[in-house]
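Have a look at the structure below, then the notes.
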């Protein structure tokens, strides 16, 4: 019997309960041990970068919703920040703070999904729903601000489409009051539970060096012990005003990733609390009539507003020629937008730097030699989101 | 008593127990879904009938009307045999459990135990071990890699945990001095429940029962997140129903066995009612204990994560078996000293 | 590894205490948590009977508004179709003829206005682009159907019925800024 005779090839995905989204892994098993893993990508490739080349800038925001759909506001705002960088638009502190609140809410929403799904994949379902019901509160906040829950299309180039209403503010406050006890409860279900610790410690570990070589960012890199965080190192949207810690792990295994994400939720709560308390008064959008739609009343009364309105919607406002790269700390890692403008109504070229794409490359290295069950929770804790992976 | 009367009596008793087993298993499915919902701040099924009480009937009906699907590359005979074995074996184990004292009907004592085997415990062991063949055969016959992995997990898990379970039981048998379930219950009714004599043994036994019935944290053979459906990945319609049903029957029987062995069976504590009412009260008490354990099964399932395959084995061989042997030793020493 | 910031905080402790090694305390603690949830108030919304209240700015099914006299506001300028990132809007323009003044507010109107609800991503950009306050997203939801044709909504279903006007006054995005409905 040759060596490969007793190997079993299984397709973990594209329709497997453990692959959240449409991912495929062709795994060779020796018993339960993984000998080789080949990830396949592209199952939900929608050619967003190409689509974006045929859309005016404001129409690309809804496309970014569909990258990491667990935290679409971060994608939206990241894109708006990129365009503002190209247009050289300075936003006021109030807009920055509003954006920070929304982005941190999105980060919590993303992390709580990832961590609680890790619980589901390791067999404990209840903790998932204890947290999941609080994501509902976050979604209601989105709904109050932008009108929908999942594909938010929140914010506009130059600010927000509308101010936080009183209800939205109340809902944020309510979330800040209700969520911490629930998170604490979730932590006490998992953090020190030996079954869970045994399942996760040492599983899917990656060294800091390998992680950096792959280009890891975000919680997955921080779990290896590198305190790299875009929010702290190249602050955008006034993140330098806030006081927060950067949680790091030890050896980059699943348990570290879980703990880092848990702690990041606490830090996000801290940031939201600070931003909400220090939220300055003022307009919710900057005064850039060339890019921010005028109020409807002006569209009727003033010729200038009407012209701008038409020009903005048609995308006929000249933009500077040049290229910009802007990155935000997405829930999953550094989410970058590389935008080349030739001055036309659409981007000449747009590239999304999607963190999931990087993580998925490292997946084989992380699971080879471990058991099938480990592959499942490693994938789960990497938080590979198919929409972002394939773009 | 004539042989015919005896046969009629036993047939009726068997049928009644069979019916009760099935209906409890049926409603366990509803209870599981309801309890899971309650544990998770949800409501659970509530559309079929008041509080969803007709849900199990709807589920059963659905199973019957679903397409009978047998994969082309499967071994057809074994594919059908698998669920059948699982179902039959789980129903058989109820035969030796003493459901109550003897009722007096028309001057005749009518035993509420189908048969009082003097090796009742061994019988249960034998039947439960047979149950795993249902899983293995079905999984192997369906010619699916996930199912096969599940079968391997199931068989190694069953074998490993049966050892610890057996060792825990030997200690119990040493204290009670009999293998007959009815005698074990009587001895407990006379003095005190075995849980007080064998707390560690009970804990080991309980853990092993969780493993034997494939319940979380030991539900590796069917863990959804890894093996899709485990051994019943390829099954549909009532054959799938049989597997799911067998699981709940196993849970019911296992609860009955635990109650019988460690919690005094039909013994009602601090109460002494004679006559038929006392017998029925005892039976009711046994069922109360059984429901308590079924609830415990579900409660644990919706709380803890599951083990990994190697950790499960390590816990069985390195943890439970030495503990069980220790328990055995201590029991022996205490018995000798007394 | 050198620290990049001074904010790093080590969070994971993988050393287990003796009690934690025993499994049972954590399991019992977990069971204590779950049993408390058993008796808690349930969060489920029993949907068809109970409906969650949408926010006033919810982006649901579209409506083509009429003005106060009942004339259609849409003037078929095509901005909504241009603004639509999903290219879900199809429209044909026609000129109003004599006698139709009560039906259409402007001299030009949309003779055909289709929204393909399967393409639509409910981003709300059409509503924002409309200079005539003709199209709005509402807090209604597109009904499900098993037929694809049912999802192409024409003017017959999009334009609000005269007898059954659709209230969009709560969508303060336009309303507040503008002063008049």
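Letters A, B and C mark the chains in the order given here, with residues in each chain numbered from 1 onward.
As a working rule, a residue touches a chain if its C-beta (ideal position, glycine included) is under 8 Å from a C-beta of that chain, and two chains touch if they have at least 3 such contacts.
Quick caveat, the model's predicted, so the values are computed rather than measured.
Which chain would you call central, comparing Cα centres to the global Cα centre?
Central chain: A.
Report the chain whose mean Cα position is at the greatest distance from that of chain A.
B
Where are there more C-beta contacts: A-C or A-B?
A-C
Go ahead and note the Å separation of the Cα centroids belonging to chain B and chain C.
50
For chain A and chain C, what's the span in angstrom between their mean Cα positions?
Taking the average C-alpha coordinate of chain A and of chain C, the gap between them is 22 Å.
Using mean C-alpha positions as chain centres, tell me how far chain A is from chain B in Å, no decimals.
Taking the average C-alpha coordinate of chain A and of chain B, the gap between them is 46 Å.
Touching two or more other chains, which residues of chain C qualify?
Only 27, 30, 33-34, 37, 43 qualify.
Quick one: which residues in chain A touch 2 or more of the other chains?
Residues 126, 130, 133, 189, 193, 195.
For chain B, give me the residues that contact two or more of the other chains.
39-42, 302-304
In the complex, go through chain B and note every residue touching chain C.
Per the stated touch rule, the residues are 35, 37-43, 46, 299-300, 302-304.
Which residues of chain C touch chain B once you look at their complex with the stated criterion?
Those residues of chain C that touch chain B are 27, 30-31, 33-35, 37-44, 46.
In the complex formed with chain C, which residues of chain A make contact?
55, 58-63, 65, 126, 130, 133, 136, 140, 143-148, 151, 153, 161-162, 165, 167, 185, 188-189, 192-195, 197, 201, 208, 223, 225-229, 232-233, 244-250, 255-256, 259-260, 262-263, 293, 295-297, 299-300, 306, 309-310, 313-315
Touching chain A in the complex: which residues of chain C?
Spelled out, the residues of chain C in touch with chain A are 1, 3-5, 7-12, 14, 16, 20-23, 26-27, 29-30, 33-34, 37, 43, 54-55, 57-59, 79, 82-83, 85-86, 121-125, 128-129, 131, 133, 137, 172-174, 177-180.
Provide the residue numbers of chain A that touch chain B in the complex, in ascending order.
Its residues touching chain B are 8, 10, 16-18, 29, 31-32, 119-126, 129-130, 133, 189-190, 193, 195-196, 198-199, 371-374, 376.
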